[in-house]
């Protein structure tokens, strides 16, 4: 792991903790945006250039903007005064540590035999350039790719149906959440 | 060590160029709008400077000239005023986010300049130099990604304003930007289909070829529909021109930056003008052959050819800056539903159709 | 130990953080964001393993996860909005009519 | 050539898929533009017809059939039923009939249903029916055939009860559904037996002697019998025929397509496809013959006393299906198939003409309130008249050739069980043929001749309806001459060879002799119902018990009601009161009490808090990981 990778990793962890820890959901959202951008950096460090860029476009550019929209529109205050629950937090933390400690060693043991040399040998084949990813997507995975477009279509239709208001008086204006001036 | 030095020089050059273009746009906007509205515009500050100091005296005519042209007013006086003004932060909001928002708004624009080539590659002192900061192969995608990140600056700015007008402005801006990103992306895809690459440098190089041996293979000739769509979508992305709904004065005070003053406010303005420059650069690179001169083949890898290419490119960029400013001061503002209709019902279908036709032509040819 | 495994460890840590967030937070949107984070942690593992194995299958998987995440966010947020309309809150504790 | 551009295999797959997609599309399009639903559906079926034509022309250059594997489907152990389609000469004929007649009827429906509100639903069902019917005739293994079998049953149910707000119509649909289920039991039994002993359900290999030899003799009887039970359900033979007359509750195009031209002939198709199994034991064809003759005679007499124009045609269909089974019983499957085709022509023509009449008379179906319509709807009259002559077996129309072939087949049957009764059977068949001509002529006279007895203002149907009817009338005229040589020869291969045609070549004399039963019947009808109506009233005053018996349809429905439905209801009520309430419900209650007690305990754990659930899940994962995953 290079120095830059290390720094980005620390940023990812810290922002991840912030997502969980910050009271104001909007701050959580901004922390998550940071986390997602850090992830994009990590992808780039792992030679997955296309994924890095689409991570920024899809997650940071579309999904999180939606989340921000909802948060801003609902104008939520910080989570109500009821505490998170000390016992609950402690239990969750302990469980988390157990998961981490019991899952990591087997993975490490499995791949420890792979030296840096083999990895760097493999690296040429696993470089996620736009061309390489496109080649795979449109040949080996073309059926799945088409299906995923269907999933997106269903998602769009579902979202429109869900967010349609039932009452007659409050018809949303086409296209805009806010609507034009009247 | 030398490479690091070159990199630093390149970063400095690109940043400088972005800022210079931005300032140029500011001045063009001031004087241009005056010209269009039949006013005189800024022409006082510095126009009547008197001085007997020996080191000022020789420059006096130049200074007076600049003052009369409004350069001093727009570039010097405005910035100084911005620096000195009180930095007002509304109550009950996050100071941190309030301070960070303008930076987030400007930073992605600056970053996007990093992947765009400014001149053909050339040899200097035995080194082969790429005149761009980050030569990555997915350059177009990177520009798109930066465009989508720029939404956050606006969104945060509006939210930290802590009032309804700002929030509405930022929501409008965000909705507008993500809506118009779609046709933009589709036009990029059509370009990729035509030129077969995502690398802006190769796209420019391929525009140097001749179509049927007669016409230069410029983007505007092979993708005329794409050019129109991108022109409109790009102007909407900059939130200016007839698309300035997020800051519609008559409805929302000043929109998302209502609560900003001083240098933070100027940062937003700078970001906006840099965006104009970035967009003009994109148009010239993708559709107008970049540094190519029609029917003229400059020698490759020579420093003077690169210099000529750069000058050619910059004149195209300035042309598009002026074009955008003229449009901005000529057309009235859209209504919000018209804006959304244009984006979703006109530009998106047209761009998709354009892509389909492009693909068919590509397959058949 | 090679450096790619560090990324795997990082991905596991992020996954666990996200899971803890899902367990602890009551705001449905924050829960949703934590789930997104868990998805991303898995994505990172995919990319890391793709590098280890020297093929692109892992990266393709990430691509599809992104597609699903996009659809999920559209639907999920719409659901949260309609819950908000009916109970005027997005806290998971307030939308408990279906218990028992 | 088409076969070069598109592979025949993919064409075969699209033959089934096009109407299936058309079904969904016509519904979706119809939701928005109801006027377009019919056009979309018709285009889909016409496209399927073109596919069939292309496949048919492609088949001629091949030695075997065309097979397309869509995917693997049921595979467990030795059992393997891939989703495969198979196209040979037999399927070719069926496909051409289904899609050809189907296209005409779709076009007709655009006119007939023009004012109905739920047109999209109608056309979606109709297209779905075509798709299922194609699956039925194209299935390579019996389970795939069964999909189509059930599919057409479902569509038939949906379309009979199309106007489901009418209680009677809805129950007619239910009746058809239940009756067909009885037949399906036969199908399932046959499949089970065949798979158990032959080890395959492939329709092609099931006809090879080597495979059939594995079947023990008595089980061959059972398999054949079970298949025939299936066929009686779908093709409305005794004792399961009562649903077909009730099925006339559906819109008339449905009656024409499903309950006359295509679906009801599925039984014949099954018999032909499985002829190897049917002929394993000669008792099965003999039984088929007896049942078929009985059905034909019974329904022909019932048709004499019906006054509803569609009921007459329905009983006529049952009777004609009986004729087809006669040919099956005699072992001449190609002749049966020939009659399927000609019957599809003239019966569809009759039904569609009847539909035009009903349409023109503003949904009046009772012939007693019609009459004299020849002047008001001449085109319909002509086509109905032609089809009537055809079904009566007047040379040289289509019905003559197929009926004549059936009579010859009956005479040449070599079945040991039938040897003694052949003359009787032939006599009954001839009487039935006379009867057919009689009741068809009666319906024609009552509808089109004489003077108008109703109160409406009848008018001719629009062109979109009359054009398909006229095409069908044309086919009823030339169909027999055109096909009577070529068709039986063409299907030799999938079906056993027939050697009848030497005798049917006899010139004018033989034509006249062959048409005699029809001429007699028509003459009787003219005398009784047109020229001297006194005769018919005299007959009904003398033989009123017989007439009541006919008009009451031999009281078979009542018989079923008394002998099966009511006892069953009584038994189930007794069981419900006696055993159910004490034991079954008691034990159910006990289970309920225990469950409730456990639930009271566990509901404290289910707080409705998603976060808690996730925490518990997370803990379980941690537990599993730490206990079971070892380095």
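For clarity, chains are labelled A, B, C and D in written order, and residue numbers in each chain start from 1.
The criterion applied here is as follows: contacts are C-beta pairs under 8 Å (C-beta built on N, C-alpha and C of every residue); 3 or more make two chains touch, one makes a residue touch a chain.
All values reported here derive from a predicted model rather than from experimental measurement.
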Interface with more contacting C-beta pairs, comparing A-C to C-D: A-C
Whole-Å gap separating subunit A and subunit C, where each centre is the average of the chain's CA atoms: 6
Intercentroid distance (Cα basis), subunit C paired with subunit B, Å: 35
Centre distance in Å when subunit C and subunit D are each reduced to the mean of their C-alpha atoms: 54
Euclidean distance of C-alpha centroids - subunit A vs subunit B, Å: 29
Subunit A, residues touching no fewer than two other chains: 50, 54, 62, 88, 92, 95-96, 99, 103
Per-residue overlap in subunit D, given as positions that touch at least 2 other chains: 615, 618
Two or more partner chains touched - positions in subunit B: none
Every chain pair in contact, whichever chains are involved: A-B, A-C, A-D, C-D
Residue ranges of subunit A in contact with subunit D within the complex: 88, 91-92, 95-96, 98-99, 101-103, 105-106, 109
Residues of subunit B defined as touching subunit A within the complex: 94, 97, 136-138, 141-142, 144-149, 151-152, 155-156, 158-159, 167-168, 170-172, 174-175, 178-179, 181, 198, 248, 251, 335-337, 340-341, 343-344
Residues on subunit A engaged by subunit C in the complex (per definition of touch): 1-2, 5, 9, 12-13, 16-17, 19-20, 25, 28-29, 32, 35-36, 39, 42-43, 46-48, 50-51, 54-55, 58-59, 62-63, 66-67, 70-71, 74, 76, 79-80, 84-85, 88-89, 92-93, 95-97, 99-100, 103-104, 107-108, 111-112, 114-116, 119, 121-126, 128, 132-133, 136-137, 140-141, 144, 148, 151-152, 154-156, 158-159, 162-163, 165
Residue ranges of subunit A touching subunit B (in the complex, touch as defined): 26-27, 30, 33, 37, 49-50, 53-54, 56-57, 60-62, 65, 68-69, 72-73, 129-131, 173-181
Subunit D - residues contacting subunit C, complex: 603, 606-611, 614-615, 618
